[in-house]
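Going in written order, the chains are labelled A, B, C, D, E and F, and every chain counts its residues from 1.
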Amino acid sequence: MKPVVVRNIKRADPNAIGTLGAAGVATTHEALGRSGLMKPYMRPIFPGASMAGPAVTVLAQPGDNWMIHVAVEQCQPGDVLVVGCTADNTDGMFGELLATALRARGVKGLVIDAGCRDVKPLTELNFPVWSKAISAKGTVKSTLGAVNVAVVCAGVNVEPGDVVVADDDGVVVVPKALAVETAQKAQKRKDDEDGKRKQLEAGVLSLDMYNMREGLAKAGLRYVDNPEDV
Amino acid sequence: MKPVVVRNIKRADPNAIGTLGAAGVATTHEALGRSGLMKPYMRPIFPGASMAGPAVTVLAQPGDNWMIHVAVEQCQPGDVLVVGCTADNTDGMFGELLATALRARGVKGLVIDAGCRDVKPLTELNFPVWSKAISAKGTVKSTLGAVNVAVVCAGVNVEPGDVVVADDDGVVVVPKALAVETAQKAQKRKDDEDGKRKQLEAGVLSLDMYNMREGLAKAGLRYVDNPEDV
Amino acid sequence: MKPVVVRNIKRADPNAIGTLGAAGVATTHEALGRSGLMKPYMRPIFPGASMAGPAVTVLAQPGDNWMIHVAVEQCQPGDVLVVGCTADNTDGMFGELLATALRARGVKGLVIDAGCRDVKPLTELNFPVWSKAISAKGTVKSTLGAVNVAVVCAGVNVEPGDVVVADDDGVVVVPKALAVETAQKAQKRKDDEDGKRKQLEAGVLSLDMYNMREGLAKAGLRYVDNPEDV
Amino acid sequence: MKPVVVRNIKRADPNAIGTLGAAGVATTHEALGRSGLMKPYMRPIFPGASMAGPAVTVLAQPGDNWMIHVAVEQCQPGDVLVVGCTADNTDGMFGELLATALRARGVKGLVIDAGCRDVKPLTELNFPVWSKAISAKGTVKSTLGAVNVAVVCAGVNVEPGDVVVADDDGVVVVPKALAVETAQKAQKRKDDEDGKRKQLEAGVLSLDMYNMREGLAKAGLRYVDNPEDV
Amino acid sequence: MKPVVVRNIKRADPNAIGTLGAAGVATTHEALGRSGLMKPYMRPIFPGASMAGPAVTVLAQPGDNWMIHVAVEQCQPGDVLVVGCTADNTDGMFGELLATALRARGVKGLVIDAGCRDVKPLTELNFPVWSKAISAKGTVKSTLGAVNVAVVCAGVNVEPGDVVVADDDGVVVVPKALAVETAQKAQKRKDDEDGKRKQLEAGVLSLDMYNMREGLAKAGLRYVDNPEDV
Amino acid sequence: MKPVVVRNIKRADPNAIGTLGAAGVATTHEALGRSGLMKPYMRPIFPGASMAGPAVTVLAQPGDNWMIHVAVEQCQPGDVLVVGCTADNTDGMFGELLATALRARGVKGLVIDAGCRDVKPLTELNFPVWSKAISAKGTVKSTLGAVNVAVVCAGVNVEPGDVVVADDDGVVVVPKALAVETAQKAQKRKDDEDGKRKQLEAGVLSLDMYNMREGLAKAGLRYVDNPEDV
């Protein structure tokens, strides 16, 4: 790891980001071919939060938030800050003051593979955070990391400028080169789902809607009338 | 495991189900002799949810929701769907479309020993789910399981038709043969608790209400005035 | 462990308790020199809860709440009950009836390194609980523990009368001998933070506010314009 | 749960048990249609242990080993003791003295969904135990459970007399009604694997041995020569 | 937390330490009234290790082993080093060089509520370590802690000079004031167990040896001959 | 994720691999600037295993080992296979037959962020595996992944051809572009450590060897003679 800050990053297409944000995490993850999803331990600190934006990335040492302070300066309006750590950590590396600083620069929210504190003021600020833990444990500012390099966050490799979509279902990351194509697929899935939802509301079975019965029979599924026939 | 769907199951007595649902999870669990409780990792996806109903059961392969689609057809109004897996899994095996299909059949809610996604739309639908995880991870439809056979879900063996009671405290399962007897005991506990609550509100100590002082003394409990007397 | 109940304990200074409660968990933890914080698995059973008070302590056997009943009698208005266990446990050792009894004595809330049940009635009572788990599992009353002795709760040693501060960020414990001094430091931090918050809201970078640039450069941080310059 | 001890149980066919034990856990699990496997947290207390036998089952309260003492009397030579708990528990519910008692009755080993202690003497006795944890935490003898009723152990429902196979890979349970059929399938898999192993040792690719290439191509797998061709 | 090193500590009685070490963890824990046991996640880095000695204690910041270097100087032959952290941590805070330094001073081994590295050289040195994790993650030396103050390690409060007993079953801590009394009780238990072991080896049932039958019947245990009689 | 197999990858310098393997995981991790370490849940399936080699990478769907079969063909003598999954999984995706196939091609071992089975035969084959879990759970072959693309494995991004070093301390990954430089640093650290080890064996304190006393005093560490002076 080289202790470096990269000033200029290429951000994903803003229209694609908008479409993916509207599609949400589950649909985006499917549109990306079922990849890019952070581990399910990443949870929003308050319900109902959602956001989408290009990633400014931070590689931090566990329990050390020095590089988050460094990263603030590299953020633009609409960005999302993504923090990965070099080892497992639940310390409260982020809180109200940093959120105030990010908010002042128009940053949409934070994704951090560590702990977050000041849940109440962050909720009042309506500044959304997806984190591994909630913890008041204070942190030091003693070891360098890096800003705007590739970081692994909650099991996903994030490059600066990649699209981060986050909501109540978790966090998904779309590589910026695939953003436009994935946004189109996500939009298509969403449109398709509207039609399916209507059929299901009308009582059509998904067994029939998806034509599953033949495949199930071929795979060997048997229907019996009573438990004693099993 | 035989890949089979059992069409006709015997459901627990509906009056007993009503009583147990009104009694709630904690009281039902006590009335059943402190058994039948699913592991505490089973949490509702939104607060305040509660339900009770007879179980339609699904045995699924991890990350494969094919059999949930199959199970929808076997559900009746008032049923609860219970999904167990053959191995630990947190993938999002259930979401908005399946909830729409279940809702169209009058199903009350879902208990799944795996992940759930589409938390926001499910909350808006007011369709309650108790799950092991929230995860947008998509699933396949490639391996058979079974419907309406006995399944282990979050540490409890569930037979089709057993009573499932779920609320903010978790999920408890009452074997259908014991439903009526357990409902009576639960009702009695509830009535008793009302009297106890009133005494405690009036400042009576539970030490006195339960006559614990003698037992404590016999077991050897000592009271001292000051720390240095220990 | 001696099975004993200590009747008279020295409680921390009430003014200090008030100041620390107003400062909240994160600030109190910093003021104490970044110690005293319980493990982050301790979570409030409903959001927005907060409290501060002197600890009445209980050492319980896992799955056995006999000593909690004993402890109720030792509580005074404004106290906080703290329950540690001799082994890991998630059983629901506390519920509505005990909360009713504590409320009748003016107790502010509970911190328990085990499970809690009756989440809905406790929420309606607005009786706050920080626990390791939510579980309806019933408990026995068969083995003695102790009341008002030192107990380890969620990784922190708690002496009777120590200050317990709890909010959405978790739980922190201040030894009673340090309460006044810590309250002063906490107040000072809070006052300082108000000034910092205003600067950050105005767009000042924390890099400048804290004079970090020189230290970062000395530690070897490099700024480059583009990814290929890394 | 009824507090009861069932004296006479039907044990699975001894020849089938022998075959399944020789086949081992992984092969038995496959032969059973990929079900019946206990959760992977069940680990042997020393490496190299293996056993197979019919289950004598115990349903115990967490931290209470009274029913294990009761169960000893119901064991016959060749049996395996299986202990499930009504709630999660890691206490050391089993140790050297109980192992001595079981050994005196010819019991092959223990599977317990809780903790085990006395690892060193048990290793010296060569008495194998698969447990969830190793813990010296002592237990009480105060609440009844049951012996030789169905119990859920580490996620699997075990009926008295079912076949338990355990080795370094974990623990699998075969319902006694399926023991003979599963033993035949397991033997066939084992024979097949011998042939496959020889081919693979000779350098044949499993891609060819299993004829996977066509299916992979049909599913859309592409081969490219260089990373830049992706 | 005050950053301080206490030079002179009172160590527990050496004869008592010898007796407790010979009795082992499980017996010592029972003799102490079933308390003092560290959480079961504390495991030896190689099997068969055992030790007993008075504690030299370290309170460290997570991921920072500065204070372990400080503590070496305070150790005497026969001591055991015990390291607690102010927050959860799995970093490799201890390795071969520190073990070499401790070995040169006659220290018996280490108990650390964090990670350990250099497992192979430590095994070759036969220097026993009980830790929460094995991890090569390097640590910093930037924040003070304390030496020879009370620390919570894996759920137990350890005072300098307390007896630490560790073996394959885990780690137990005996307050130095109770060492002699506990050693006597442990010796008695050990002697008693020898007699019991012989009876059990001879086929006596623990049901009879402990006279449990009457208590079981009184509690309501029923024996039935067949499953259908339940 | 594109379902693709890359045939030609650039492997790290073999001499550097040799040096890093001899240096071991802890030293390599330090030489790389304390990064590149996989999470500590990755453990060898038998003690004493160690290996180093260039990575052939597999991105697999959870519970689906189809792509591992595909990857075998891409392996060369001396390679290490690294398997990442698109979601958390503990199923036994690897066993004896695949090990036989890899061994026939001269592959040194496996690193898999999922489960492994056939521990006993793999131990007899002396084929080392570092995995997240041991589980006999069988897997399917139904969904494509990719071979020789970047994969995240246990928290680390691995590019094809990167150096993987694994031993009892865990697994570390060195980007191939940094292999030579890191090998030199690792060698230097190892040489330095030999000198330090000798000083420590002779009783020199690390406090003096590293000149820590001044820094500690400046940071505010106080020495007191007795506990009451704290």
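In this section, a contact is a pair of C-beta atoms (placed from the backbone, for glycine too) under 8 Å apart; a residue touches a chain by one contact, two chains touch by 3 or more.
Just so it is clear, the model here is predicted, and its values are computed rather than measured.
Chains touching both chain A and chain B: C, F. Of all residue numbers seen at the chain B-chain F contact, over half occur in both copies; the interface is built from largely matching residues.
The rotation that brings the Cα trace of chain E onto that of chain F spans 120°, given to the nearest 5. Chain C and chain F have Cα centroids separated by 39 Å. For the pair chain C and chain E, the distance between mean C-alpha positions equals 27 Å. Chain D and chain F have Cα centroids separated by 30 Å. Touching two or more other chains at once are residues 2, 34, 37, 40, 61, 86-88, 90, 135, 137, 143 of chain B. In summary, the structure contains touching chain pairs A-B, A-C, A-E, A-F, B-C, B-D, B-F, C-D, C-E, D-E, D-F, E-F.
Note for the complex: chain D touches chain F at residues 24-26, 29-30, 34, 37, 40, 43, 47-48, 50, 167-170, 172, 193, 196-197, 200-203, 205-207, 210, 212, 216, 219-227, 229-230. Chain contact summary for the complex, chain F toward chain B: residues 61-63, 86-91, 135, 137, 140, 142-143. The touching residues of chain E, counted against chain F in their complex, run 2-9, 46, 66, 69-70, 72-73, 90, 92, 95-98, 100-101, 103-105, 115, 117-120, 123, 133-138, 141, 143-144, 148-149, 160.
Interface residues of chain E facing chain C in the complex, by the touch rule stated above, are 1-2, 32-37, 39-40, 59, 61, 86-88, 150, 152, 155-157.
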